[in-house]
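Here is the structure we will look at, set down as structure tokens.
Chain IDs A, B, C and D follow the sequence of writing; residue 1 opens each chain.
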Amino acid sequence: MSDSIFETLHIINKTSSHTALYADCFNTLLPGDAIVLIESGVFSACGQQANDLLKLQVPLYALVIDIQARGIADSINSQVSCIDDDTFVSLACQYKKSISWF
Amino acid sequence: MADKKLLLIFRNPPFSDSSNKDTLDIALACSAFDIPVSLLFLHDAVLQLIKGQQSQALQQKNLINTFKALAMYDIDQLFLLESDLRRFALSTADLTVNCQAISESEMATLIRQFDTVINL
Amino acid sequence: MNRDKLLSLLDNEGYLLDLSSWTKSLAAELAELDNFELTDQHWEVIETVRAFYLAYEISPSMRPLVKAMAIKYGPDKGKSIYLMKLFSDSPPKQAARYAGLPKPLNCL
Amino acid sequence: MIISLLIYASQNSGQAEQTALRFTRSALAQGHKIHRVFFYGETVSGISSLKVIPRDEIDITGQWLDLAESDDLDLVVCIAAAVRRGVLDQQECDRHNRVAANLVAGFNLSGLGQLADAILSSDRLLTFGN
């Protein structure tokens, strides 16, 4: 078993139009956490929303399969780490727990 | 078997989809397995707890009475946000169960203490 | 009531189909069907699960039943061992059946 | 690691189940143990053998079964959620005097205790929902 050194992995699968969901997630973030954007959540890896998320100072990941499916590969903020399913699983193991925001 | 502390998050008002009931059922089931369960009521979920709900005319089973049973299942760690109480002009005295009102920053540290979080 | 009539009121697990048709004498007949004799101590439990259901709209599982018994009848009767000795099946299930309540969820 | 999944989604909205399936495949490929996949809420409506999938669409339920066969997955459907949505195995069909059982073979109906056990027995619980 690999050692868990990170805290909470926040998994978001909705667009930022779900303002309450994003607010809840932000309110619970602490240093040591990270955010993974999946499904419709990957739209938040672009534009102003990406800037807002990066300001939170936690690692920001986005599932590449969902990015490609939505045709936004060219618009992803360069500071977002685009990950495949295997890395998603690795993150889920490296962080002590996950919270799914949906 | 390691002790697992479980946090269940409620986010919906009464008479919405089944997620409040589904989450409550998880709480009762986990209590039977001696899993320590705490509950966090966010935003509209606070409205689920208002005293004096009379839903007979809706012909829909009301969860409020089952929430009152939580203490009988030794589930007494219930949390909500001070900001939500202010938003809905409520106080904890308006609620049918005994809840602890916390700030957003306290919520973040609260969540840290749990091994598993379910947020339906 | 004859056996067939009585069985027609129950589901396959012996729980009453129409919860509103419960009476004390029906409870006694349901127990008789199991060759089980209801004493005053059993009636205390049956009344406790009924009161629990009326208050909370849920049939109690073991832990809350024990707690409800302790509140009403004191620590000696608020023990799972006391209830286990009293009933032949799982106490929350058997008491719910005689009390005309739905099967308790999540019963171990 | 030992991982369990809780799926709380509808097959007719969103892609949560597809994401969960890919996650499961990837976790198994990396050598992790999937202790249980627990299907809850609206998800269970889709685990009916009476469902007809258009020929040009993917049958996600069938994909779970393929994975269960190759990797011995424990696919548990919440019994209370299933029965109220008309998804019955033979035992529940008999119990409630219904015309037919329709739970897809390979999935098992059981109580929320199986979710509690999954929480206790796993290093991680991942929720996929919509």
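The rule we apply is simple: contacts are C-beta pairs under 8 Å (C-beta built on N, C-alpha and C of every residue); 3 or more make two chains touch, one makes a residue touch a chain.
This one's a predicted model, so the numbers in the text were calculated from it and none came from an experiment.
Undergrad: Which chains make contact with chain A and with chain B at once?
TA: Looking at chain B and chain A together, the chains touching each of them are D.
Undergrad: If you tally contacting C-beta pairs, which comes out ahead, B-C or A-D? Let me know.
TA: Result: the pair with more contacts is A-D.
Undergrad: Please work out the Cα centroid separation of chain B and chain D, and write it as a whole number of Å.
TA: 26
Undergrad: How many Å are there between the centre of chain B and the centre of chain C, using C-alpha atoms for each centre?
TA: 28
Undergrad: Report the inter-centroid distance (CA atoms only) between chain C and chain D in whole Å.
TA: 33
Undergrad: Would you pick out the residues of chain B that each touch at least 2 other chains?
TA: Residues 25, 28-29, 32, 116, 119 of chain B touch two or more partner chains.
Undergrad: Can you list every residue of chain D that touches 2 or more other chains, as numbers and ranges?
TA: Residue numbers touching two or more other chains: 80, 111-113, 125, 127, 129.
Undergrad: Of all the residues in chain C, which ones touch at least 2 other chains?
TA: Residue numbers touching two or more other chains: 105-106, 108.
Undergrad: Could you list each pair of chains that touch one another?
TA: A-B, A-D, B-C, B-D, C-D
Undergrad: Help me check something: in the complex, which residues belonging to chain B touch chain D?
TA: 1-2, 4, 6, 18-19, 22, 25-26, 28-30, 32-33, 35, 116, 118-120
Undergrad: Under the definition above, what is the set of chain D residues touching chain C in their complex?
TA: It comes out as residues 80, 94-96, 111-113.
Undergrad: For chain B, which residues count as touching chain A in their complex?
TA: Going by the criterion above, the answer is residues 9, 11, 42-43, 104, 107-109, 111-112, 114-117, 119.
Undergrad: Considering only the defined contacts, which chain C positions touch chain B in the complex?
TA: 52, 55-58, 60-64, 67-68, 105-108
Undergrad: For chain D, which residues count as touching chain B in their complex?
TA: Those in contact with chain B are residues 6, 8, 40-41, 80-81, 111-113, 115-117, 119-121, 125, 127, 129.
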